[in-house]
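Structure provided below as structure tokens; questions to follow.
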Amino acid sequence: MIQKELHDECGVFGILDTEGRRDDAARLTYLGLFALQHRGQDSAGIAINTNGTLFCHKDNGLVVEAFNDMTINMLRGSAAIGHVRYPTQGGLGIECAQPMLIKYRGGQLALAHNGSLTNAFEMRARLEENGAIFQTGSDSEAMLALLARNRILTERMEDAIFMMMAEIQGAYSLVLMTRNKIIGVRDPLGIRPLCLGRLGSSYILASETCAIESIGGEIIRDIDPGEVVTITAAGVSSEFLTRDPDARKKSALCLFEFVYIARPDSTIDGASVYEARYEAGRTLAREQPCDADMVIGAPDSGIVASMGYAFESGIPYGSGLLKNRYVGRTFIQPTQMQRELAVTMKFSALKKSIGGKRLIMVDDSIVRGTTTRHIISMLKEAGAKEVHMRIASPPVLYSCFYGVDTPSQDELSACNMTLDEIREMIGADSLGYISLEGLTSSVKGLSCGLCCTCFDGAYPGGMPSSMVGKIRRIEFNSGRSVADSTR
Amino acid sequence: MIQKELHDECGVFGILDTEGRRDDAARLTYLGLFALQHRGQDSAGIAINTNGTLFCHKDNGLVVEAFNDMTINMLRGSAAIGHVRYPTQGGLGIECAQPMLIKYRGGQLALAHNGSLTNAFEMRARLEENGAIFQTGSDSEAMLALLARNRILTERMEDAIFMMMAEIQGAYSLVLMTRNKIIGVRDPLGIRPLCLGRLGSSYILASETCAIESIGGEIIRDIDPGEVVTITAAGVSSEFLTRDPDARKKSALCLFEFVYIARPDSTIDGASVYEARYEAGRTLAREQPCDADMVIGAPDSGIVASMGYAFESGIPYGSGLLKNRYVGRTFIQPTQMQRELAVTMKFSALKKSIGGKRLIMVDDSIVRGTTTRHIISMLKEAGAKEVHMRIASPPVLYSCFYGVDTPSQDELSACNMTLDEIREMIGADSLGYISLEGLTSSVKGLSCGLCCTCFDGAYPGGMPSSMVGKIRRIEFNSGRSVADSTR
Amino acid sequence: MIQKELHDECGVFGILDTEGRRDDAARLTYLGLFALQHRGQDSAGIAINTNGTLFCHKDNGLVVEAFNDMTINMLRGSAAIGHVRYPTQGGLGIECAQPMLIKYRGGQLALAHNGSLTNAFEMRARLEENGAIFQTGSDSEAMLALLARNRILTERMEDAIFMMMAEIQGAYSLVLMTRNKIIGVRDPLGIRPLCLGRLGSSYILASETCAIESIGGEIIRDIDPGEVVTITAAGVSSEFLTRDPDARKKSALCLFEFVYIARPDSTIDGASVYEARYEAGRTLAREQPCDADMVIGAPDSGIVASMGYAFESGIPYGSGLLKNRYVGRTFIQPTQMQRELAVTMKFSALKKSIGGKRLIMVDDSIVRGTTTRHIISMLKEAGAKEVHMRIASPPVLYSCFYGVDTPSQDELSACNMTLDEIREMIGADSLGYISLEGLTSSVKGLSCGLCCTCFDGAYPGGMPSSMVGKIRRIEFNSGRSVADSTR
Amino acid sequence: MIQKELHDECGVFGILDTEGRRDDAARLTYLGLFALQHRGQDSAGIAINTNGTLFCHKDNGLVVEAFNDMTINMLRGSAAIGHVRYPTQGGLGIECAQPMLIKYRGGQLALAHNGSLTNAFEMRARLEENGAIFQTGSDSEAMLALLARNRILTERMEDAIFMMMAEIQGAYSLVLMTRNKIIGVRDPLGIRPLCLGRLGSSYILASETCAIESIGGEIIRDIDPGEVVTITAAGVSSEFLTRDPDARKKSALCLFEFVYIARPDSTIDGASVYEARYEAGRTLAREQPCDADMVIGAPDSGIVASMGYAFESGIPYGSGLLKNRYVGRTFIQPTQMQRELAVTMKFSALKKSIGGKRLIMVDDSIVRGTTTRHIISMLKEAGAKEVHMRIASPPVLYSCFYGVDTPSQDELSACNMTLDEIREMIGADSLGYISLEGLTSSVKGLSCGLCCTCFDGAYPGGMPSSMVGKIRRIEFNSGRSVADSTR
């Protein structure tokens, strides 16, 4: 989608040197988090294992803002875990930043979490009934409390994790660190990605393969749904609570990772993100063809799909919009007059490129549609004769409770308007979405199932009890076919 | 003592407007903490009750550094508690700053603590055995975990507090805040001070009376040892677990509050701090007389006692040392050469005042004695003919486990040297300490007993199990009497 | 070129409301500077005219870092000038940031400068001989001193400017502000761009048209070489020292503005920057054809030209490299090991897109070539079968003294290597540059002459006396033709 | 006076190692400025000579805020000058901070200035007529412009300085630094202090002797009025424009240095500041006797004089007021209600000390009197039976144009009220000032004349032309004698 209407998620990273010789685990984690920055820009943190004692540094802001040379140099050790956050749960304060580091019966334990639980409220209430206290509203603190309680009954951390997995529901990819190991955990549905890599004598856990490759490491494999992977000086070992041969088939990797969240150079569960977007663009061209002079992509999220569309349709690919690369989070509050300039500050149309042309603009998704409206208007003012909008994902109809910050159904344009009403609202000459089948078939080589909840409302991981009965079943009203639409 | 060789303790503050009309509880707490700043300069925090929901802001540094107009204005509400910290327990990170705010079975709870528990380790271990997790090493978090656990068994917060008091040992003056009340708690020995005041329709709890008076309030009374005071919209109520008529007699208020910690304009349990110091100076003059031309005080802690000494002895009081009022925490690291200048940077001798004179310098205490040595040398270089050192407290022989940051016995000069060796080390022409009886009799009007552990090793509140057997019994070797000492 | 091997220049902006009613000139300048941010990231500043008195705020960093809501709101007035700086002259301190504001015989005067003078040293020496003092090493301070001196002889600021123009040499586009006007000045060769626009009752001066359009203004025209434009409440007036009918023909607009510096959506002296780059790509395809499977652009500077190359050659355009959008100035210092990862942190190759393919990579220029080498190696590791490098500008052979931060000839690869040696150094399978004729003919619609010094060493604006005799004449050794090169 | 109603002035420092071996001149300057911090808290700066090139670092705030270890370590060299500022002239921006460093005909030149010129406006106008530009409104920049102009006519810096001295009027103690020397200059009236010291092979210039002693140096002598002292590798040399044998007699050292500005441990022109204040207290006791129980000093400025008063009167000296040592510049803005608490936050009365007593409170001066009023009211509320105010300087009747920030006559209480009206306004039971003769005779050992302008309106250094005719001649109306005043 144009601009950040859907917010990114969190990213996790972990590394342990099996030979215990390198002491720059924090530095490598810093670099790995930098590659995962697109998954969260609100805070960054690193927990380090210094000779068996764990320390943690975290701060608000980007990775490069939360750490500087001095802090990185102070964090010496051969194992570390890290986290970048976009806060889908819990408050915004620094106390919610991750990794979270605790001391409990079993010693010290640090945890970094990507995802969102659906029964956190019940879990916390149960723990509180038994006397637990919570300093934040985060899922992570609740999971740590569960793990600590479970360790009363079992000696092995891995068993405590399995006990916890039996209790919690929703999406979670975790990286944990104790005195002598790091552990990767992926929920039984595998909703959020997690993968394993290696760099010399060090093993790596990361949300995406790009983080492993960016530090020069090699990819080993994805963590399986329901798998608990332990990395110690002895190497890598893996366990499952129940080894279900159909686990991968039953799994439900978030389809939105391919649409928007993940970095194009990452590969998730066998499928290239770049290829998935490119192929979605090609499929879109077949499903929603259009006669035009040039294909452009909505910057930055629609670029790859638009190239696929151009390739498949044979219509030349071109550049129509420029994005100001200095747009950040600290822009001054615009006055009313300048609020209208906000889109103008971020984007500008290339008149020479688009003047007099019929354009197809491809974007990855439409959530509310307001920015799309401004951009189409900008393109037309710059001389575009026609602007045909093509969307490389189906209409977003359902809120996500698994870690993607989708707005409520009240705010989703596709929940409240017909196809033609949306087209008119954004000012496009025509509008077409890819079909869900078209999108899923574009994800080539995938070794697992997909969660398409935001499009189909399946909710394989359940939903918070407070939401039950509050989610409307929606049939998107595509009204007349796009081709029929009279304007 | 000269310079901060013993560190200050913490200070607590709380206020609740019974009519619920004023919304500036945070601002008043800010002002109250400012008056308690001498009790802790490492961090400051305020928790506010905004229409039944508690929020907390805390940061490292002085009160004026941790808060600015914007943060104070954002904290709107009719009840608040606050804390200034010198960290006697737990780490140094911002995560240890207080008040600590949690959510638990009973809702939200905020706590600010002055003191130090002696059985925190055992308590934490027991809680950990039952599954508790700890994010900090602070006593406060342990007490909150106890309170949360106790609330499983009882509905009243006050009862949960009494249950906790039955389990914990050591020194604690607490201010707590819930959705609709603030509560003050003082340990059964009353080791740390806590008092009650009023400002219009608001009731106030504070470590020292100076905080109440600085915001224009009036003092009501001291909280009794073992008392739990609850302030709600209905006013003030008070409870004791067991109402022991001899409680005050058995109590053990820290004598060091009168020697060094508290502000001279405060009154604790009936005794004026100023008067105690002035009288100690007078007693010292009688116990350790000396023929000299002028009495000076070691800045700033010896000033009041030196005036008492001068008054009693009839020797004129004068000014001999100047302290640079810009000395703070951010001074650059001196090189070896400049380290020797450190005392010169902080103090300077007034030659015209002391040249050719025989001086008596009065200080509140000697801990290690190194700064005293530098200052005496500075006085002599500036022309003082003789420097006679008089100390307004007995030799410090025992470490404190109740919240005063005394060094270990290895570092206490009086544990390892005779009177004459100390005199020689500091370069004084004579040295004399007040007797313990002399000091305690100087605390006029006191309505309770005293803890004199640092002088007599009585440890009325017990000691941490890890320290048992590690504290040497010491008989201070005053060797020959001062008068005899040949030089 | 890939990465910032040539640094950007400065950007200037000015606005005056003829009706004097709006007081948000600083806010509009902020927005205009934001659109010119690509011309300088080291410091930003705004001078405002508040009822006839000038105030100035400037700070290091990006526009969004140097200003916040509070500072912008404090700068109230109906006229303002602004500046973003990449320091081509003078030191790096904040004292060199612009606009520079002085008080002199004629009152207050503020100046913002883009360009670089070639006789500044002589000018400063002459002024110093007459008693001038300089607090910075900047050209701006020297020009202000000249203007102040000239005002002794003349009453009109415009005349003082003409007197200054008779004395200074080199490149300068200036925006000045006095008590009641803003003035735009462009050097007689028009080396740096400057244009005029309007927004309601306000007139605007800016380095590039994109700044005017980004605040919703309309473009009026470019300032002519040698022109002095005055904007007052009475409107716009224009003067020339000598109105040479051939001025535009003799002028020498920097060709590098079209190659790299300016923003693609700007139009300079009649020519669209976007179109110039796109056409250069097309010309390059004709001059340096190549058999391959895909054309990619070096991010971000080679993107537009690569699209032109793809269009002209008929070879599909694709995406091969991803640039991490969080790369900024504050990245931690890499250790030796991680230095090798520097390119990996900034770029990643899209294996799925380029695997097994023969690539043509188009970039705007090669300066040193080191980053190009790393990227080609990255592409090959990612599976590219061949990488053919095509450069949309001729070899850079001469240092610029007019405001572009080209390195010395010793560091320019084309000065020290043959075509084949460069090809081998960067690891390309073939290498081809556009011809100078090819490039200049791609700049369509240009209404003035061009300065091609970095390619042809013509130096129409002279050179600093200290450099005379130190610039080597270079004939680029393209040796064997590219096609012949044996590998 | 109580609180900072009169602001402090500036402090200057310079050091040069004749053997050129030490490279820590900046560090020593830092320490020296720290000792001069009481003379200015608004900004601090150091210029260093690194192998013949001068660099400068300055920032807003206290010395410990403007510099940290890193900045101090970066400033390596064997000569340096420094400055702490309270801005008596010029704006408040960082551009006005000193030292000011320029490049001019003679190379680089750095200047630090304490004082204020009375004909700066005329001087600047004349320079502007000749083409000079000014970036600040400071006297320093004007003096640098004069020096640069003068160097056209003369080769020696010292001669340029003498030429400047012939032109400027007012108060100035300067420290300058060039490529190979540092120079100290004191105006012909010697209004502001300046002294010379030595530390090993280094010579030192400083505003006060305390700065020399604080770095372990020894005092050599005061710089003479009208003297120019040059320090180079060859040692110290001294020059006068005209060697007037009566120069010292005609000189006019600021009397207020002894009253309030200088540090008590400094000696100026032969007179000890401590002794002057102590003796003034004694004289005051004789001139304005009073029957009372205790003498207290207004913190901190009245302390020394109050001891002298107590000694002379035989009335015991005591402590009546406590000043919160954490009062700084960053206190939050009080609301109306809390504004009334402002004095309460800063001071508290010691009830036990003053209850039921008749007090004499001694302060160094009264300017507006508002804080005095609050404090007397506080003392009375705390139980003081009577408060008799005694002032160790005569009534302040005239504004200072020589560097002390006295308010205008409209705001000076003694200009607008009779003695009894002031007494009533501040709420004292009696009020008495020392006589001017009494004060000047208390300055023992002084080797020069005094400027008593603030008391007698003599204006030996002239006044700004803009002020001529605007200064009222005032005869202080002491009305009835103090003793007569009916209450």
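Order of writing sets the chain letters: A, B, C and D. Residues in each chain are counted from 1.
Following the convention adopted for this analysis, a contact is a pair of C-beta atoms (placed from the backbone, for glycine too) under 8 Å apart; a residue touches a chain by one contact, two chains touch by 3 or more.
Remember, it's a predicted structure, so these values are computed and weren't measured experimentally.
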(message) Give me the step distance from chain B to chain C, shortest route via touching chains only.
(response) 2
(request) Would you identify the chain whose Cα-based centre sits farthest away from the centre of chain D? (result) A
(request) Starting from the mean Cα coordinates of chain C and chain D, work out the distance between those two points in Å. (result) 51
(message) Report the inter-centroid distance (CA atoms only) between chain A and chain C in whole Å.
(response) 37
(message) Counting only Cα atoms for the centres, state how far chain A is from chain D in Å.
(response) 63
(request) Among the residues of chain B, pick out those that touch two or more other chains and give their numbers. (result) none
(message) Taking the top-of-page definition of touch, could you list the pairs of chains it picks out?
(response) A-B, A-C, B-D, C-D
(request) State the interface residues of chain C toward chain D in the complex, per the touch definition above. (result) 94-95, 100-105, 109, 128-135, 137, 141, 144-145, 148-149, 151-152
(request) Within their complex, state which residues of chain D touch chain B. (result) 24, 27, 30-31, 34-35, 37-38, 41, 62-65, 67-69, 72, 210, 213-216, 263-265, 272, 274-275, 278, 300, 303-304, 307, 310-311, 316-319, 322, 324-326, 328, 330-333, 335, 338, 340-341, 344-345, 348-353
